[in-house]
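First up is the structure itself, then whatever we jot down about it.
Chain nomenclature is as follows: A, B and C, assigned in order of appearance, with residue numbering initiated at 1 for each chain independently.
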Amino acid sequence: MSVPPVLTLDVDAVCKSFGGIQALTDVSFEVRGGEILGLIGPNGAGKSVLINVVSGIYPPDSGTLRFRGSDITRLSSHMLGRLGIARTFQNIRLFRRMTVLENVLVAEKRHLLRPFSSVLGFGTRRAEIEAAMAGLARMHLADRAEQLAGTLAYGDARRLEIARALAGEPRLLFLDEPAAGMNERETEALKEDIARVRGAVDAIVIVEHDMELLRGLASRMVALDYGRKIAEGTPQEVLSNPQVVETYLGGARHA
Amino acid sequence: MISDYLMLTGLNILLAWSVYVILLSGSLSFANGGFMGIGCYAAGVVTVKLGWPLLLALPVAGLAAGLLGAVVGLPALRTRGVYLILVTIGITACVKVTIESIPYLGGVQGFGGMGGSALWQVWGLVALVGAALFALSRTPLQRILDAIREDETVARCLGANVVYLKVAMFGIGAALAAVAGGLYGHYYVFVTPDHFNILVSIYLVLYVILGGVNNPWGPALGATAMSLLPEASRVLQDWRPTVFGVLILGLLLVRPQGLLPFRLRTARPPRPRP
Amino acid sequence: MLAEQLLNGVIVGGLYALVALGYTLVFGVLDKLNFAHPDIFMFGGYVAVASLVLGAPVWTTVIVVAAVTGVLGLLVELASFRRFTAPDAHITAALSSVAFGLIIVDLVQKQWGSEPLEVPLEGRSAAIVALGVRLAYVKLAALAATLVLLAVLYVVVRRTRFGRRMRAVADSPVSAALLGVNVRAVTQLVFFLASAVAGIAGMLRVTITGFATSEVGFTFGLKALAIMAIGGMGDLRGAVLGGVLVGVVEAVAFQIGLGQIADVAVWVLMIAVLLVRPAGLFGGRHQRETRA
C-alpha cells in the first residue's frame, strides 16, 4: 500500500491569455515532493508563461494553484517568494552591478522580511557571509565572490542565478531553460550541480528543450504544446506519447 | 556672511539627501521642493502661531510631511520613470498653489516671523544624517534597495516587498526635506510659496545627479559644489543656472554616473581565519 | 462677462493645445519627454518682441520666430536626446532637457532682464464689439492663427508622407527603420516642427498679454505638460481637446471666483489620470513596442 505523494505544487485548470492570445488553456499537473519534474514543449508552448504565473508575475485568468496544500492563486510575487517558491529566468536576470556575493546575500529571507530591522544588526554577520560563500562554493563560484555579476561568463552567470535562487532556502525551485546555450560538457556539469543540490529543496521543476539535461535527472515529465498539457508521466511514458513525438518531430532537440 | 554660505550649503546637503533617499528605492522625485515647503510652513505655524519651540516644531513638521508623503506615495509610486516625474512635479505644483490659497498661511504674500534656527542645528543634522546614510550603506537594507533598483521584478520574486520599501523611503525623504524646510524658514524669517516651486525641486534633483547617485557622498558633493562655487567667483554666481545646466548636460553625455560614481560594497568575503 | 471669459478660455486653451501638441509629437516618436519645450515656448515670445523691436512686420516676425525656435529645438535634440536612444534612457534624456531648459531661461534673463518685456505692437488694445462682447483684434487674430496652425498640423500628420513616416516611427521605430524610414531625420523634423509651433504659440501669447516674461515656461508651459498627460500621452487629439477643456474650465472658474482652485484642479486631475487611466481622458491606447 503506497502512501499518497506529498504534493508540493498542484496546478489545476490554469488559463492565461494576453489580449486575445490564449497562452495557457486548462493546464493541470502536479509536482510531488522529492522529485525533479521536467516541463517540456516547443517554443511558444507556454512554458515560461506558466512559470511566470506560478511565481506571481501574472495572475491566472482562471484555475487554482495550491502550494503544499494552501491556495496561492491570488498571491503576489513577493508573497510567493517568501512562502518558498524560487525561480530562475530564461534570459538570466542577475543584479549586474552588484558582486556575486551580494547577489546571493540579497536572497537572505530574514532581511527581506524585516528590511528596516536589518539595519540594527549593523552589518552582515560573519555567519551569514560564510553560509553564502558555502552556497557559492557548491556552485563553483566561491573564487568569484568579489566579481561584479555583470562581468561573469555565461556558464558562471547561470550558476549564480541558481545559487541565488537556492540562497533563500526555497521549497520549490523552477529552473527556466538552465542549459540554454551550453555545450555538452557544460550541460553535464550543470546536471551534476542540480543533482547535488536537489536535497536542499522539496522539488525542482526544470523547463527545458534539451532532453540531455533531463535524461537521468527528471523522474517525471509534463509536456505542453500550444498552451495545453498533452502528456504527464514518467519520461518513458511522455516521450513515447504519439502527440509528443509528433510535436518534437523535426527537432526541438537542443542543437 | 560666512554663516550664510554655511547655512545654505548645509540645508542644500540635507535637501539633496532627501532626494537621494527616495532615489535609493528607484524613484526620482521632483516633489521635494513641495515637501520642503510643507515642512517650512508646518514648522512656522507651530512656532509662530502656537508658540512652540523650534526643536519641537521640526519633528512635528517632519512627521506630518512624512505621513503625507507615505499616503501620497502609495498610489503615486505605482507609476514609473517619466510618469513618476510628472506626478511628483504635480505634487510640488499642488503644494505651492494650495499654500497660496490659504489666507491663514499668508497666501501669496508670504509668511513671516520665524526665527531661531542656528548653524549647529543644521550641521548637527548633516552629521547625523550623513552618519546614518553611511551606516546604511553597509547593511542588508542597502543591498535590498540596490537590488530593487537593479531589477525590481527579480527582487520581488526573492521576497522583497517593493511597494512597502518605496513608500517608506518616499516618506523618509519627505520628512527629511520637511525638516530642512523648517530650518530654512527659521533662518530666513520670511518665506513665500514661490520659495518652494518647481525650480527648487529641479535643482535638488540636479545636485544629486551632479554629485553621483551611487553613494551618499555624491549628493553632498553636488549640493556643496553648487552652493559654494558661485561664492568663489563672481562670474559663476551671475551665471549659476547656465553653468549648472552646462555642467549637467556635459556630465550626462560623458559621465552620467556623476562626479563620484563609485558604489560601496555592502559585504565582502571573509578574510581567511589564521 | 461669461461669454467674453469663455472666449478667452477657448483662446488660451488653443495656446495650451499648441504647446501640448509639441510635447505630444516628441513623446510620440521618442517615447521621451522634452522638458526644454516650455522654455522654447517662452523663448518664442522673446524672439517675437526682439523682431518687432527691430521693426519687422508681423508676418516676417512669425517666420523668424518659427525658424529660430525650430533651430533651438534641433539643438535640444542634439544635446539632450541624440545620444540617449536606449529605451531605459528616458530619465537621462529628461534630465538633460531639464538642464537645457535652465540654460535657455538664464540666457533669456541675461539678455533681456528679469522684468516683463513690453511688446511693441500698435493697436493692441483695439477691439470690436459684437453682441455685447468685446473682442480684441489681437485675440481674434491669435485664435485665427491657432486654428490655422492646428489645421496645418492636422494635414501634416494625417495627409503627408512625412506624417505617415512620423506615425510609423511613433508606432515602432524598429519596424519603421526596417521599412526604410530615416528615423533620425524624422525625429529631427518632429523636434523642429514641435518647437516652431511652440515658438509661435509663445509669440501669440505675448501679443495677447502685451508682455514677455521668463517664468511663463514654468507656469504656462508646465501646465501644458499636465494637459498632455490628461489628454493622453502621445495622443494628438487628446492634447487639443485637453488644452481647450482646461482653458475653458480655468476661464469659467476665474469668472466665478474660484480661480485658484482651477490651478490645483489641473494638477490633481493630471495625477488622477496618470494613476487611474494612463491612456488619458480622450486618448485611445498608445501602445508602443519598447514601452518600459
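By our rule, a residue touches a chain if its C-beta (ideal position, glycine included) is under 8 Å from a C-beta of that chain, and two chains touch if they have at least 3 such contacts.
If you're wondering where the values come from, they're calculated on a predicted model, not measured in any experiment.
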Compute the shortest path length in steps from subunit A to subunit C over the network of touching chains.
2
Judged by C-alpha centres, the chain sitting nearest the middle of the protein is B
Distance from subunit C to subunit A - Cα centre to Cα centre, in angstrom:
50
From the C-alpha centre of subunit A to that of subunit B, how far is it in Å?
41
For subunit B and subunit C, let me know how many angstrom lie between their CA-based centres, rounded off.
30
So in the complex, the part of subunit A that touches subunit B is made up of which residues?
55-57, 76-78, 80-82, 86-87, 89, 93, 95-99, 101-102, 105-109, 111-113, 115-116, 118-119, 121-124, 126, 129-130, 133, 145-146, 164, 168
For subunit C, which residues are in contact with subunit B within the complex?
32-33, 79-80, 83-84, 90-92, 94-96, 98-103, 105-107, 110, 218, 222, 225-226, 229, 233, 260-261, 263-264, 267-268, 270-271, 274-275, 278, 292
Contacting residues of subunit B [partner subunit C, same complex]:
28, 75-76, 78-83, 85-87, 89-91, 93-94, 97-98, 100-101, 197-199, 202, 205-206, 209, 238-242, 244-249, 252-253, 256
List the residues on subunit B that touch subunit A in their complex, please.
135-136, 138-141, 143-144, 146-147, 150-151, 153-162, 165, 168, 263, 265-270
